[in-house]
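First the structure, then my questions, so here it is.
Naming follows writing order (A, B, C and D), and every chain is counted from residue 1.
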Amino acid sequence: MGKAHSNAYCQAPHFFDLPYRLRRTLLCGRDAASLASMAERWGWEETSTDWRAAIDRADIDVVDIALPNHLHGPAAIAAAEAGKIIFCEKPLALSVDEARAMERAARGVPTLVWFNYRRVPAIAYARQLIDEGRLGTIFHYNAAYKQQWGADTSRAATWRMDPALAGSGVADDLLTHSLDTALYLNGPITEVVARARTLAPNRAVDDAVMALVMFENGSAGTFESTRFGIGCKNQNRFEIHGSGGMLRFNLERLNHLEFLDASNPPTEQGPRDLLVTDLKHPIFGNFWRPGHIIGYEHTFIATLAEFLQSLSKGEAFHPNFTDALAVQQALDAVQRSAKTRQWTAVEKEPVDTPVHNPVQ
Amino acid sequence: MGKAHSNAYCQAPHFFDLPYRLRRTLLCGRDAASLASMAERWGWEETSTDWRAAIDRADIDVVDIALPNHLHGPAAIAAAEAGKIIFCEKPLALSVDEARAMERAARGVPTLVWFNYRRVPAIAYARQLIDEGRLGTIFHYNAAYKQQWGADTSRAATWRMDPALAGSGVADDLLTHSLDTALYLNGPITEVVARARTLAPNRAVDDAVMALVMFENGSAGTFESTRFGIGCKNQNRFEIHGSGGMLRFNLERLNHLEFLDASNPPTEQGPRDLLVTDLKHPIFGNFWRPGHIIGYEHTFIATLAEFLQSLSKGEAFHPNFTDALAVQQALDAVQRSAKTRQWTAVEKEPVDTPVHNPVQ
Amino acid sequence: MGKAHSNAYCQAPHFFDLPYRLRRTLLCGRDAASLASMAERWGWEETSTDWRAAIDRADIDVVDIALPNHLHGPAAIAAAEAGKIIFCEKPLALSVDEARAMERAARGVPTLVWFNYRRVPAIAYARQLIDEGRLGTIFHYNAAYKQQWGADTSRAATWRMDPALAGSGVADDLLTHSLDTALYLNGPITEVVARARTLAPNRAVDDAVMALVMFENGSAGTFESTRFGIGCKNQNRFEIHGSGGMLRFNLERLNHLEFLDASNPPTEQGPRDLLVTDLKHPIFGNFWRPGHIIGYEHTFIATLAEFLQSLSKGEAFHPNFTDALAVQQALDAVQRSAKTRQWTAVEKEPVDTPVHNPVQ
Amino acid sequence: MGKAHSNAYCQAPHFFDLPYRLRRTLLCGRDAASLASMAERWGWEETSTDWRAAIDRADIDVVDIALPNHLHGPAAIAAAEAGKIIFCEKPLALSVDEARAMERAARGVPTLVWFNYRRVPAIAYARQLIDEGRLGTIFHYNAAYKQQWGADTSRAATWRMDPALAGSGVADDLLTHSLDTALYLNGPITEVVARARTLAPNRAVDDAVMALVMFENGSAGTFESTRFGIGCKNQNRFEIHGSGGMLRFNLERLNHLEFLDASNPPTEQGPRDLLVTDLKHPIFGNFWRPGHIIGYEHTFIATLAEFLQSLSKGEAFHPNFTDALAVQQALDAVQRSAKTRQWTAVEKEPVDTPVHNPVQ
């Protein structure tokens, strides 16, 4: 992820009018040689093999955590205590307790969690259509995130396959993306029933998880995440049916959003394959001319740019640690249900949660 | 359904070499005037407002039951006792007990259940590819059957909306199709957890049902059936991922099957949009030249023709009452789980079930 | 084609309220054995190996000509002189002169030419949208009809490969369909420039033809027809761009029409994939419930039914011999241009052409 | 285009191992204020309102010409005379004569022309498949480049609408891209017949051009370019049919390539929707993980990187001025044919053309 984040720091000033000037001050990692190479390539001023170095430095305002999952908590809490602005990769934490501790610790600082797909123009536009009431009452929300590399057993030896470092397998990796998008587009999840499976022999983390889900708004849906979705390179999809129409998305076609408007005459209703590259579509206009598509990395660029714009205006940014805590709670309910095999309520934080994301 | 069945009787001799000559002897129904009109249009020799008339006549060999669901049992059992060949619309019965009684009663006669989608050439071809091992070990089986007319509350007053006549709503109507296809392609289901919802006010049957499902072959999957799938006229889909590749189907594109062959080099792997209209594809060659697509009704024609060919050869035909009983048991597990909210095992018939479908 | 026509005669009464009762009186052909088999299968009362037998019989009202192309003229003129209603396969004739002679001879009788694709619901609906002005001023009309069987040189020995019997190759066979659809949807063609090629060794007819075309309404376009379109089983496509939007069609997906409505806000414009199976869409409602798709043969059924309905009401039916003469003239311009390599005007019949298609 | 080029200079070192270190030394343009803003945003060291300043400076090795078309010639010739490496936007020139003069002048220096779409991974992969013989003998090559903004008459006042500055309208702008891709994938064009139209009132350049084309390899095809392709934001498509299969591409889906392999059994042949994002696909692996798509700008980045790699190895780079001269000659034949309405041969340079693209 360091590559995608570094790219965002380089590119955000090129496409957005930023209220701050960014410096790439210090790059931390485990291996000095690869740090040096990466710093050289992406213009980081200094490197360190100790992530705490970033926290100790007074000339650093933002700490961006792209460590293995089990270090998100320690790093974020340390950064919060040092008063840093915190960016953190998803999932926020290894558990709800840890996520809650992080969220509590970081209440005094602005936070960003890299659920970058909220800044896919098509997803931002889906949210806009929903906010405008175009989908009406939502009936169904189906999500699936399918990759296929789990079946390649030669690839097992990364930290992502170690439950102590990653928390879980596909659930922490892919399901969290689907959950964040669902919370963003369709609101809170109230209860779930789920099943997880490990398909590769001798693997310690889940390769596939599926769930039925009830939403607070009365809609219901299915979720599936897998690393054994043979045929799917990176198929992060959702499909929403409401009284007002339908939306469909697939990350492999990230410039497209299918929209059916049920207010059209019946003979004229069909899914419209919108190429979400109009200057009036959210986000896209910062990049290129209509029809000149963007890619994966642009979601990071736009996330960063919107954070900085929010920060300068004193507005709350989303997704922040509070949003990511909500994802963690939904994930937790899925994981508990996978063990107990029971319908499981998603826990909610107390309603007196204070306003977050203060501006420095 | 009378229209689709009548059409099959008219058309099967045109496209298949049939071992029997078919007569459309007696058409039964509730309303004499519409019976007369239908008989005139489709060439039925006689009509009756009492379905028992068909059973009592010695010159009738086949009784085809397209009555409301609650009459399938009484009619089938009467027909079986009279030694008739029995065709029956799906779902077979209102309950497993009734289905079992029908299956037991009909053990002495050949039976056919109108799970017509087994004769979609693309589905028959999917089965062929699976039988040939092209999909390898199956990991995932996802099915969804989405229609949208449930949201039109002006349409509520048919027998399909009366639980006493229909059994249930979307579960008996659409989910049974998805289950039969799944059993056909992927084998027995062992356990399920499900949720059903009624979305229209004042409606007595379920409008939407969703389930997680475990298969005997180790794969798992999601099922969803809805009459509130706004944007979907008749979207009966499945998607299968195995170690050997992927299959995808949608009934609205019934001449197409998407097939990804994972044995191709990685750079050449992509879902192939097969137009299943080659003369060497199953079933299709009976109809038209390659690329000249067929429609919904052809599945009934092919079902009938293959039944008759099986009958003349003394071979078992599928799907028969035994197959439909298995669907009923899977459906029953879904419906029980929707009430108990528990993972629920699918009951199986005793293994000493004798060979069925004897030839007359 | 005898199969598709026979099917239409059997099926039209099942799906349409016909003002006439149809008898399948006499089936003519070259080979007595296959005639007998076909008559048996499709319920023809009698057979003859001499097509003139149909014309001589007083109890026959309609003569349907599905002979090799070079016999269309003699048969149609004989039928016209005998006062028969005439149905004729496309292309109408081997030349404009012959087509004109046929059209002149048949002015006293109702005629139908089997440009059956006008009765694809999606194409009829495209025409409706155009007639309603939804496409606005037309700028572009692109058509392609691609099949691949020409590359299979083992298939060369039919009458379709003999210029004396077929007139030409792909031009008479496929291009005529594209031309008729274009004239139907976009009006007269004024001039063309074209190129024809024979790609298989030792073949006497054209395998591929392409043309640039100017329309009377100011639009322009490209046409391509080929039997070497490897990868295309039966890909008969068009794409129309007008100030009001876009239409796209492909016969392999005959239940679909892509429609872009340029009057939508820019952010909401995308091609809608209409499944043309609504009860309010043209033609479809005669067949099945929404979303239950139809196939190739239904276009013949609907053509026949609409002819009979027009006949009973004393209304003109299209496409008739006059329409087919216009297609022949456009085809002739293409073929002359392919020889002269010049832009070539499409000849038009004198404007004082009397009203055609009288009712008997 | 300055934005896309600037981005390439910034990004190429991030994704490719470059043999040279790039400096963004001098940015030239017409308006001092926007130059300052652009230089600030993209890190250009200095600016000048006189493009000749770049040529006069000894510390500049590469001159990148993104001026209006009428200045390509003067700037390139001046740069060549100064011994600069030359990059030039397409089209190379306003005429064949000018292009030839540029090509002659630049024989002593390495050149690059920004036909950036050669570096779309899908197009590079299409070329690879063709080179490997997977398409066999090519029969058909169809190309279309459709945009819709021409219909927005409020947008007319750019230099692109002035024939003195742009040369022509859509022909120079879009058709040149299609021609370069065709020459790259299918080899030289021998003759054409074409038609151009201006659809907007009071416009001085062509809005739409269409052509029939013969290739040296015996294949033939259609080309269409339009700014009135309502419904198409940036639809740059081609479709190729050969004895070995089919390829289809659309720039709006630039990460996809449809490939049909005719060596598969007939029942298994269908267009594969390849997501050209595998690490083994050309170009893509420099960017992200499989399935994480790239966008428009990446084609510029890859063009630049490959040029630099070629340069350091002393290998010829394509497309260079010689390649662009060939495009200009094909374009010229189209434009002459549009005037004369005759089939028109594409002129070729003498065969004794020396080896180009020397390395400094």
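By definition in this document, contacts are C-beta pairs under 8 Å (C-beta built on N, C-alpha and C of every residue); 3 or more make two chains touch, one makes a residue touch a chain.
Treat the numbers as computed from the prediction; the structure is a model and nothing was measured.
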Chains in simultaneous contact with chain A and chain D: B, C
Reference chain A; chain at largest CA-centroid distance: C
Interface with more contacting C-beta pairs, comparing C-D to A-C: C-D
Centre-to-centre distance between chain C and chain A (centres being mean Cα positions), rounded to whole Å: 54
Mean-CA-position distance for chain C and chain B (Å): 36
Chain centre separation in whole Å, for chain D relative to chain C (CA means): 41
Two or more partner chains touched - positions in chain D: 232, 260, 269, 271, 275, 278
List of chain D residues in touch with chain B within their complex: 125, 258-261, 265-275, 278, 280-281
Footprint of chain B on chain A - complex, ascending: 139-140, 142, 144, 146, 148, 151, 193-195, 197, 199, 208, 210-212, 214, 220-222, 224, 226, 228-232, 241-246, 260, 262, 269, 271, 341-343
List of chain C residues in touch with chain B within their complex: 3-4, 6-7, 10-11, 13-14, 41-42, 147, 149, 232-235, 251-255, 275, 277-278, 287-298
